[in-house]
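Lettered A, B, C and D in written order, each chain numbered from 1.
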């Protein structure tokens, strides 16, 4: 269970990146083994200002500007983590993880199992479909979540960003920490330094009575819009934010399926092979008799993402496509 | 539909690697733009002798021994394919693709869409769980199949190896061609030079009346054993070999679900997030009312693969686990 | 440096002016929201692009980086089709799918700008292998930034080109910064030609602000490549006048540094002086050239602005050929 | 080369003998099916392993390659726990999960053998960063083969170590072949120290058949690293007597080449002569040493053979800590 904030937030209405800074700062104060490495972290504090000011506060030994060497960046994090530090490797965009796949999937994920070692490592990156074209809009959530040894956080609010990064920095596992481009601007409350969000605990972010949408990340914003429209039409939709993709909150998923029997699973990754397949398949296998009809998946097109804004939008779920899916499950 | 062999096979009872050689040789004779690059291809013909003798027959310009530079190997293939050749990049083990992920997933897969170009490229590798330890036993089928722009072949017989590689070498797309380690020893008929197997056409490799197992690759061998045991117990199981994972033969899957209503989907990848999730989720969504109960997935453990043989075996589906799944669907 | 004939020289100058005007115009349009997803301005680096491309044949291949307007213009694509691409219109070089960072047309030997540091050099190396396989008399040029010098696969590609003697020219468009990171701070050893020589590649550190110097080294590299003597590495020192991406400034370099490069090394000013000195043009001719360039860019903007948006239903086109499933 | 004291010298010699006997014994056992998944025999390369590890402190870190029995033995792990690992028994260094290719125990400064060419150097570089962050007086050694010299990330790691002045020593266990591929055929430039120098790393090409030379260069590199002077690169030329993997032969090198290396450069023969020459031992003492080594390896085999198989239910253990889900 998530713990309620114990005191008022210190940063007034911070944005998504400031929430990250806040969590990282608190943990860096407490644990001298935490350091950050990535490109362009010192002056601008990273492309999304996610570590802005931290180099100035903690010094250049604890915020290290790296060359464009993703394999070495992750390897540096892996080796230092094995040695007893708790590095945060900031990959900037998650797409750049392609240059460090062996380090992440074959090394970091397996060392605990193979070599009697811990790998307390956070790999942070900005993810999600937005402008910028195909090379910067890969959805890799399913890849990471399906790799034994990795955990994956996909926070959708400043509160969750802070609560999850703090948990990641107290644990001893390699964590992929994905922050969605299109959530950069959102603001909200954050909790104080004693608030930790456990991995594997989903959260209901909208209560409803007729059907449930299970999702995460930016798709929740679209889902909320769809739910509002549906509300006006008399359909009451619950929305569940998974918050982490591994571990998955199976309990919350099973409960929701049992309660509603009408289930939509949503994300923006190309649908074929996305994490929504895992969620739908397992939820169906476990709760078949509770389903009023098949779980409906809503996902992205099987297409690279175009730079043209309208084409980019057309490749991911829209309010309309979500409404259609909900109506589909309501038709059972 | 697959075409029946038009003449008798030329190689008598070839093995899996010889079937590959046969298909490649025929296409190389026909198309001077086909060449092969990879490590240790000339003397030994690759670690599985998959191109043995081809350098000697076609010369060192068409079979190029490469340094251990997976990124450059794939990039070489991509650039040469864009230029108008049809390279076969032999990655040896598919795990080494980790070193070329950007080249495969971000470049090769997207160039047609982005830059008005064709990428007629085959990336061949040996895949699957076997001995050799965790670094060499990654199951990446779902990753490749879920990437827009890539196609994935997973042949299980010499006949299919030859028929599919020939199709791949006549097409103009990047194809991931996965040959399972534990199938290296199998032998069987192959067809003549006019036999091509289209991608996206599954094949029933065992007929049955009670339930169906949908699978591919080495898992089919285990499935056959399970089916034999079940037969003795009075349960008649059909087995479908998908042969390619993208495109998937949706028609064959839908037909099987409709016909049997009792469906097991099987592979050896760690189950969470595997391609069996996609198959089960989509098949359920499309054919819910035909199902007598939920599709049951059988897959690997969420664990790195151990070098110890018994531990390695325990991490993937066994005859017993398949029988259990079939009995589960028979209980509906 | 011997100067080419008048027509060629004026062509080089005009091409550099086109790039500069294009970039400064696009920059302003981008700030006004016309360019989707930002743009990487190459102002200051014109001599590299024009020097390289003027030394190539039209059918030679290039593959480049996220900062590629200048290379693409110099390769002979029109201001119209590139401006339209920045506006993500259907008339753009990449049909609006690419915007600033992903300019390319494989069928015309442009193997793409690239969102990924280091990717272009690998693809160019592959194209060089294709050229060699087919026995064609062409070369392939891979552009890369100083930031890409620390990306491992760059050196895999360099090594492969050396051992296979591929007709590849690696050109480092070395503007000395990767976003806010000074090349000297993250680049061990410092001497990039020496790095490349360590892999056995013929390598040169040259002045990337001098279009004739760039042109000369690339011409020679091309000759060697066509003669079967293998690849070359050309590290062209240059400078980026604007921020990394449009609208960015940052404290990572001084205004004084920027001003010094602009006032003492500007490639257009420098080559304008050379052209005048050689009697190829007087100030009036230069002014006229600049005006015609202005008109060309204005026209490009108008063209882009008037161009239709792509049909969004086409996002499902060109993912794959669909032919794998067809009986052959 | 000044020779160390008697005890040290005899220790070096005995350690090399242990490795040779271990490898030749394991090779035979592997051919008899006792070793699961093959093994990479390091016979011939003993001087590299022993020279390096004898120059390190026990708590220094190493990370290595698929060919790592020799490094692991020289680091001080027992023949028993390594032989047991080859037999994939629960008493093995990796609990039977790793076999020949994946020997490691992070808690003891062995950051793993590796199935992936190039991976070990990156991890060692990271360990060096960890050492620097903690301000410890240690170094980290990353072993790599000649084949790994063409893997891009090797050079990313080299560069990062240089710019951050990490206490890293890269040791190339250069046996001149990657499987069947001669280093000279795929390695542009040829001079590996020069490659590393191109990245600003202090670099040396040395004789990897001479245990004292290896030891000397590594000692000096260690001193420099501890003094904050940054990393070093040591390319140790050596030779692999057996096939790449057990049972392999191949036509890629001549028997004459193998025989020449064995008869003129063998590290054990060579150092035995040095030891005798220095009066540290006579032939009888050497024979006795060899016999005691034999007994040790026999014991290791017996131990491995008698060791229990791992409990297969443990495949679900140690995947992750399980603590992320726990309230902190």
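In the analysis below, a contact is a pair of C-beta atoms (placed from the backbone, for glycine too) under 8 Å apart; a residue touches a chain by one contact, two chains touch by 3 or more.
In this text the structure is predicted, and so the values were computed from the model without any measurement.
Peer 1: Identify the chain pair with more contacting C-beta pairs: A-D or B-D.
Peer 2: A-D
Peer 1: If you take the mean of the Cα atoms for each chain, which one ends up farthest from subunit D?
Peer 2: C
Peer 1: In whole angstrom, what separates the CA-based centres of subunit C and subunit D?
Peer 2: 45
Peer 1: What whole-number Å value describes the gap between the mean CA coordinates of subunit A and subunit B?
Peer 2: Taking the mean C-alpha position of each chain, the two centres sit 31 Å apart.
Peer 1: Just give me the whole-number Å value for how far the CA centre of subunit A lies from that of subunit D.
Peer 2: One centre to the other, that is 40 Å.
Peer 1: For subunit B and subunit D, what's the span in angstrom between their mean Cα positions?
Peer 2: Computed value for the inter-centroid distance: 36 Å.
Peer 1: Which subunit A residues sit where two or more other chains touch them?
Peer 2: 66-67, 69, 71-72, 95, 98-99, 102, 106, 113-114, 133-135, 148-149, 301-304
Peer 1: Among all residues of subunit D, which ones touch two or more of the remaining chains?
Peer 2: As it turns out, subunit D has residues touching two or more other chains at 94, 97-98, 102, 114-116, 119, 150-153, 156, 159, 163, 185-187, 319.
Peer 1: Which part of subunit C faces subunit B closely enough to touch in the complex?
Peer 2: For subunit C paired with subunit B, touching residues are 61, 63, 94-95, 97-98, 102, 104-107, 110-112, 114-116, 119, 122-131, 133-134, 140, 152-153, 156-157, 159-160, 163-164, 317-321, 323-328.
Peer 1: Which positions of subunit A touch subunit B when the two form their complex?
Peer 2: 95, 98-99, 101-102, 105-106, 109-110, 113-114, 133-135, 138, 142-143, 145-149, 246, 269-270, 272-278, 280-282, 284-286, 288, 293-297, 301-304
Peer 1: Which subunit D residues qualify as touching subunit B in the complex?
Peer 2: 36-38, 88, 94, 96-102, 114-119, 147-148, 150-153, 178-181, 185-187, 250-252, 309-310, 312-316, 319
Peer 1: Given the complex with subunit C, which residues does subunit D contribute to the contact?
Peer 2: Of all residues in subunit D, those touching subunit C are 150-156, 158-159, 162-163, 185-191, 194-201.
Peer 1: Can you list the subunit B residues touching subunit D in their complex?
Peer 2: 39-40, 42-44, 65-72, 95-96, 98-99, 131-136, 301-304, 306-311, 314-315
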